Amino acid sequence: MEVTLEMARTAIRAALDAGAEKGFRPLTAIVLDAGGHIVAFERSDGSAPGRFAIAHGKAYGAVMLGMPGSAQMKRAEDQHYFMTAMNGAFGGAVVPVPGGILIKDGDRVIGALGVTGDTSDNDVIAGLQGLEAAGLTGAA
Amino acid sequence: MEVTLEMARTAIRAALDAGAEKGFRPLTAIVLDAGGHIVAFERSDGSAPGRFAIAHGKAYGAVMLGMPGSAQMKRAEDQHYFMTAMNGAFGGAVVPVPGGILIKDGDRVIGALGVTGDTSDNDVIAGLQGLEAAGLTGAA
Amino acid sequence: MEVTLEMARTAIRAALDAGAEKGFRPLTAIVLDAGGHIVAFERSDGSAPGRFAIAHGKAYGAVMLGMPGSAQMKRAEDQHYFMTAMNGAFGGAVVPVPGGILIKDGDRVIGALGVTGDTSDNDVIAGLQGLEAAGLTGAA
Amino acid sequence: MEVTLEMARTAIRAALDAGAEKGFRPLTAIVLDAGGHIVAFERSDGSAPGRFAIAHGKAYGAVMLGMPGSAQMKRAEDQHYFMTAMNGAFGGAVVPVPGGILIKDGDRVIGALGVTGDTSDNDVIAGLQGLEAAGLTGAA
């Protein structure tokens, strides 16, 4: 299975809508494919201009390392210089906090959803709801 | 006036749909705001992974230089080393061909739409149709 | 409201003058617009050549993240790997200490003032005095 | 002699005013010191956000190569791959067209003024008038 544009659109819009319904701050979301390339992206009105880089870094780090944001955060807490090195090795595009959610087909990583705008935990709540709306399975 | 996410969504989807209806190759489209920051992006199924950088470079160059892609192409043909220098000055993110369409509110640039996937001329046709669907004025 | 060149000139000069009157070390100041693009910049005689990058990084991080320098510093102290990742994600241009002051029009961020040269706290004192002279509202 | 902030302010403001009086499009101007580091910068209201990179590239190339913009343009026309290589070697910050004006004290380069916004020839006219107002000698 591959992540189609229709799935990505659905997941992003459902994540943004979930955040709005729950009263989260305006969210920004991105979907990358299995190669780490962008399929779709949306930034809510009122989000800071830098939200693209954060959403992208969460999702890109997840795909490139095969690790969801929560696992990257644990690694950063245990061994911060390693995740700093990962940030450098991938040109700055690794943001090791929750909200970088792997999209999986069984054991296979087929992409990632990155969500940012509220607390990292709330970003994950909205993101998982988005993936569910698109019929996709996430590992946060 | 600012480009809202709803306007960006509408313009991108209408541009992609216009391309599909006309039998163009699968299109990719991006909308940037007045500061050159991404509002929304979509890559059609079957588009090459590098289409993000091309769509972005068309739209980013247009906003940063205040010149649509067609004017940049003319400048590149008349004085190619200047546009090569612009590409370097903006970190590679200037692609000086049609398909980088300024979004204007009167005389003011409020963003840009970048379209890529078919010939540059067809990219413009789809892009202008997208902007029209969103009630936005383009300068191609 | 947008930050005009006249406002930026006034704020920068008043910040530099405030520092000189208070006996601070020579200050450097920058004003960015809502998209993070430079409107005006001045480096006092006797400031180190690297002060541009510091002033810029304070102001740019503030605009891109929608967070003033003091909030970024707190985040860096609580979760330093996150601010390290932000530095990488924005190409090095995030300096998370006080002196990156958001310029606001109500709830909306319309730019930032970055001040550097003395202690971070003194940089803020001079910066807020500069914004006041220009009739602008700062969030430090 | 060194370029002081007061000289830089005077030159920039006089260049911008000269452009406005002559009916040029809104100008952007920068002054660098002998080490290529920014002393002051101003972007007129209505200038495209990318004007910083262009003004900077004109002035930086002039200082780093010790050649004014007109000489760089001639070199680009005679041997374009060389100036393309210079652009790459200096991280994109070489824009080889008129408007990069060396500031000289006798034979010694003490800085550069970069002007952009109208035609390259008009940029030079405004720039030389700015340097004259500041009591500085330019080589365009």
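In order of appearance the chains are A, B, C and D, and numbering begins at 1 in each one.
Keep in mind that, in the parts below, contacts are C-beta pairs under 8 Å (C-beta built on N, C-alpha and C of every residue); 3 or more make two chains touch, one makes a residue touch a chain.
Keep in mind the model is a prediction, meaning the values are calculated, not measured.
Peer 1: If you average the Cα atoms per chain, which one ends up farthest from chain D?
Peer 2: The most remote chain is A.
Peer 1: Hey, how far is the Cα centre of chain A from the one of chain D, in Å?
Peer 2: 43
Peer 1: Which whole number of Å gives the spacing of the CA centres of chain C and chain D?
Peer 2: Averaging C-alpha atoms per chain gives centres 25 Å apart.
Peer 1: Can you work out the whole-Å distance between the CA centroids of chain A and chain C?
Peer 2: Each chain reduced to its C-alpha mean, chain A and chain C end up 30 Å apart.
Peer 1: What parts of chain A, by residue number, touch at least two of the other chains?
Peer 2: Residues 49-50 of chain A touch two or more partner chains.
Peer 1: Does the chain-touch network form a line, ring, star, complete graph or other?
Peer 2: other
Peer 1: Which pairs of chains touch each other?
Peer 2: Contacting pairs: A-B, A-C, B-C, B-D, C-D.
Peer 1: Okay, in this complex, where on chain D does chain B touch?
Peer 2: 47-50, 53-54, 56-57, 76-77, 80, 83-84, 87-88, 91-97
Peer 1: In the complex formed with chain C, which residues of chain B make contact?
Peer 2: By the definition above, chain B touches chain C via 33-37.
Peer 1: Spell out the residues on chain B that touch chain D in their complex, using ranges where they run on.
Peer 2: Residues 34-36, 63-66, 79-82, 84-92, 109.
Peer 1: Of all residues in chain D, which touch chain C in the complex?
Peer 2: Touching chain C: residues 4-5, 8-9, 33, 35, 37-45, 49-50, 52 of chain D.
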